[in-house]
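Scrolling down, you'll hit the structures one after another.
After this come two complexes, each holding chain A, first together with chain B and then together with chain C.
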Partner chain A sequence: MEINLNVINQVTVITIAGNLDSSTAPKAEEKILPLARPGCKIALEMSHVPYMSSAGLRMLLLIYRQISGSDGQVVLVGLSEELKDTMAVTGFLDFFQIYPNLESGLATII
Partner chain B sequence: MKPLTFSATLDALSSIGEYVIAATDKAGLGQKQAYHLRLAVDEIATNVIVHSCPKSEPKPLLRLRVDLNEQDLAIILEDTGLPFDPHQTTLPNDLHCSLEKRKIGGFGIYLALKWVDQLRYERVGVWNRNIFVMKRNDC
Partner chain C sequence: MNRIDTYPTHSYKNFKLHSGRPYPFGATLVPGGVNFSVFSSHATSCKLVLFEKGQPEPMAEIPFPEEFCIGHVFTMIVFNLDYENIEYGFRMEGPFNPKEGHRFDSSKILLDPYAKAMGGREVWGIPPNWEAIYPYRARLVYDDFDWELDQLVAIPAEDLIIYEMHVRGFTQHPSSGVKHAGTYAGIREKIPYLKELGINCVELMPIFEFDEFENDRVNPKTGESLLNYWGYSTVNFFAPKAGYAATGKFGMQIDEFKNLVKELHKNGIRVILDVVFNHTAEGNAQGHTFCFRGIDNKTYYMLTPEGHYFNFSGCGNTLNCNNPVVRNMVLDCLRYWVAEYHIDGFRFDLASILGRDTKGTPLANPPLLETLAFEPVLAKCELIAEAWDAGGLYQVGSFPAYGRWGEWNGKYRDCVRKFLRGDDGQVGEMVQRVQGSPDLYPQRGTTASINFITCHDGFTLADLFSYHEKHNRANGENNQDGTNDNFSANYGCEGPTNAPNITALRHRQIKNAIAILMVSQGAPMILMGDEVGRTQGGNNNAYCQDNELNWLDWSLLKTNADIFRFFKYCIAFRKAHPVLRSRTHFRGQDYMGSGTADITWHGLKPWSTDWANGSHTMAFMLCGKHAKGGTVKDNSIYVAFNMHRENLTFNLPQPPKDNRWHVLVNTGVNPPEDIWEPGHEPLLPNQSNLWIGSRAVVILVAK
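Right, the complex of A and B next:
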């Protein structure tokens, strides 16, 4: 699992590549959680995440909690059908802004 | 496919995932079924690794094998951790709640049980045995 950071139009684009399971999600949390601050603008690019277990959900939950109630913004882009299914049955889908690709995600953050 | 044995550490998860996916290829399962089976096995294996004697040395063992017949693919995951029947866990009852109010965790077993056609649990001597079954004509 690799994480790359990139700033596009003042939005921090965090690209995750690889599986998010219990062996990799803690490393992703370590890198991403410090960035999820009040006022942040983040696009989480997940089109290269073929697999996500409950460990990935936990990470999303922590990100959500850090920015909710603040004016921070996090969008998720490029989720596979399977990742969306997992988020849907656990009631996560409704709480995140989800876009099919980075372009459409970035267009909504300003 | 040959059975595999791992020491119960988080490093084993990627190999466990690959093994399950290879078995689903052999059984000709559809992409979603394959994903769901991998998810179920991964969640239960993770539970053993994280919660079942995480500090004990040597680590508990995890053993993985496949039983393929005309109707079903079964992945059999055995471990020497503490007795644990996934059907006896309390599943999260707050899935409709806002993410701010949720308990962190508890999704793993829920996801393990969610999509498999069957998950059978047996305790055999010092082993927990979880049998994950997917129907082959269901793609």
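Right, the complex of A and C next:
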């Protein structure tokens, strides 16, 4: 799993590549949580994440809670249909704003 | 701050260990590792067996160091385990001496009785590998969940309308149109349907892990292997069935099920689980050893002095529920489902077994039932007993209730069925049944009585009026299984017919049944699919049929639209009228000064009931001023039953002053005029005489 950071129009775009599970989620969390500063704007680019385990979903929710607790904004972009479905069925999707791609995600967050 | 004991003190091969904590039992994630804890009072040693997820052979076996054991508990912490990618079990050494009650077998790898999730049967219906050395595989879970503001839904028992359903059967039929057929997620998609019907409580048939493949019978006609479709055979008491989850293959059944509960709650629907504590899936002495038998047979099972299994469950063994250790397991389990899953209540299968002592003798004051009644975490839960067992104990009306327990009222079911069929001598008992059975529960109020006419056991409502006898050959037991006491009738043709008069009568009887159920005091329960006339082809014990016999066919919603509409309006009527939902029994007195008693009895003539043995008529009036013990105002309601084969004229009692009778239900009339939308009931043209067709129910409301 790899994480790349990129700032576009004051939005921090975090691109995750690889599976998010119990072995990778803690590392992702460690890297992403410090970015959840008051008023932050974050787009999580997920189109290179083929699989998320329950640990991966938990990490996402934790990030969401941190960001919304500090008046920040976060969007998820590029989720595969399968991941979206898993998140819907387990209720995780209800928390997030999701967009099909980075462009549409950035358009709302700016 | 970190704890000062979260560092390894021992090692075994590559594993770092520390002494563990005995409570809680099971596997608990602790900083840096996992705390394992398992009880056995007779094992001489125990090993923790670790697998990589899904792998057939273990990756390690770690003996619990003797110095880590506390009392009869084997416990240790193992550090640096990847909790999502391992499965664990136990291997126990101990005596094999069945006469003494011991059946240890160290060749077996045993499932943790406190496992919170289970692998091995993640996807429903995929044939298992029978050679697997560890078939039911304990997994570790991170059991946090974001419930947001979810609370247990507060609905008083008398206001409940319970819908008994099977998770898979509800949406597995292709006609359901849901994305994930046969799953928790499927139910979630159908919540709007449940709301439209008007129910406010679902009772889920077993969702604890069971093995659908434990049945070795075949359908004699098709040769198809039969399953244990219902699941009244628990493999593990703490884990939700993964095979019912769309995400079971990813190990996310816990989140999916919790999300279903959360969504049901959001929609005002309570969730009751049907729980099976009377026996386990290990069966009798010939059954598989996968958990309790290999951990501590003598503790977990009721044994005869010779070491044989008592069989009060009819399923080969009997869980030793009043042994203090087993009692604690049951308590831990129920607390866990309430605290972690926000479950609102439990229906206990063959609950009378829970009142037997360790030798099988019924107890006057069973510790387990008493403890459950007073357990703080369960204080707002419904506790519902199936108040009998397969050992001959029948406790409807006498179940040790501690003012807390409700019962499946089997006498209500039988009496209403007989009355509907036109049996002689039922009027006197019907008077009790429609009042919430004060004869059975004089001290306990109406909520002791869960009223039902059909449940998963026995005929569906449509079959009750279509079959004279059971047709269970497909179950592979030569039609010997299932009850013969159905109190059913076919009205001239066994099974399906094209004769319009028979079909009309069957529909009318279905409507009569739901109408009687909805005007009876006590908590009503409906069987999934009865609202659309679901048939099981006369099979009254369809526990093994994973096919269209059991799956709800959603096209019936169109075919039997009149039945669905009738159910919907009947339920809405009950919810609109508190006079139908008293918590206390009627007194038969006018204590509100309204001029009539809370309940008054009538017949063909007002104020006069025909009590004769050959009578098939009765009527009663509920006084609106006495609703809920006189605490709320409601309309007065008049109900008349004519189960005679002839049409009869009923003279009506006067409605309260300035009121006139309006018609909600008259099942003797063709739909759509057999029922009216509650609140829009038309005026009854003749206020003094009402001609009621044969086998029909009339409900009038005064306004």
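What we mean here is this: the second predicted complex is superposed on the first by the 108 of 110 C-alpha atoms of A that agree within 3 Å, B and C clash if a C-alpha of one lies under 4 Å from a C-alpha of the other, contacts with A are read in each partner's own complex, and residues count from 1 in each chain.
Here is the rule we use: a contact is a pair of C-beta atoms (placed from the backbone, for glycine too) under 8 Å apart; a residue touches a chain by one contact, two chains touch by 3 or more.
Quick caveat: nothing in here was measured; it's all calculated off a predicted structure.
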| item | value |
| --- | --- |
| Partner chain(s) touched by A:Glu30 [first = chain B, second = chain C, both, neither] | neither |
| First, second, both or neither for A:Glu2, with chain B first and chain C second | neither |
| Partner, of chain C and chain B, that touches more residues belonging to chain A | B |
| Touching partner for A:Val89 - first (chain B), second (chain C), both, neither | both |
| First (chain B), second (chain C), both or neither touched by A:Ser68 | first |
| Which superposed partner A:Asp21 touches (first chain B, second chain C, both, neither) | both |
| Chain B/chain C common contact set on chain A | 21-23, 53-55, 57-58, 61, 65, 85-86, 89-92, 95 |
| Of chain A, residues touching chain C in the complex | 21-23, 53-55, 57-58, 61, 65, 85-86, 88-92, 95 |
| Interface residues, chain C side, partner chain A - complex | 82-85, 142, 144, 146, 179-180, 183-185, 188, 245-247, 250-252, 254-256, 258-259, 262-263 |
| Of all residues in chain B, those that touch chain A in their complex | 10-11, 13-14, 17, 31-32, 35, 38-39, 42-43, 46, 49-50, 95-100, 102, 104-105, 107-108, 110-111, 114 |
| Complex interface listing, chain A residues touching chain B | 19, 21-23, 51, 53-55, 57-58, 61-62, 64-65, 68-69, 81-82, 85-86, 89-92, 95 |
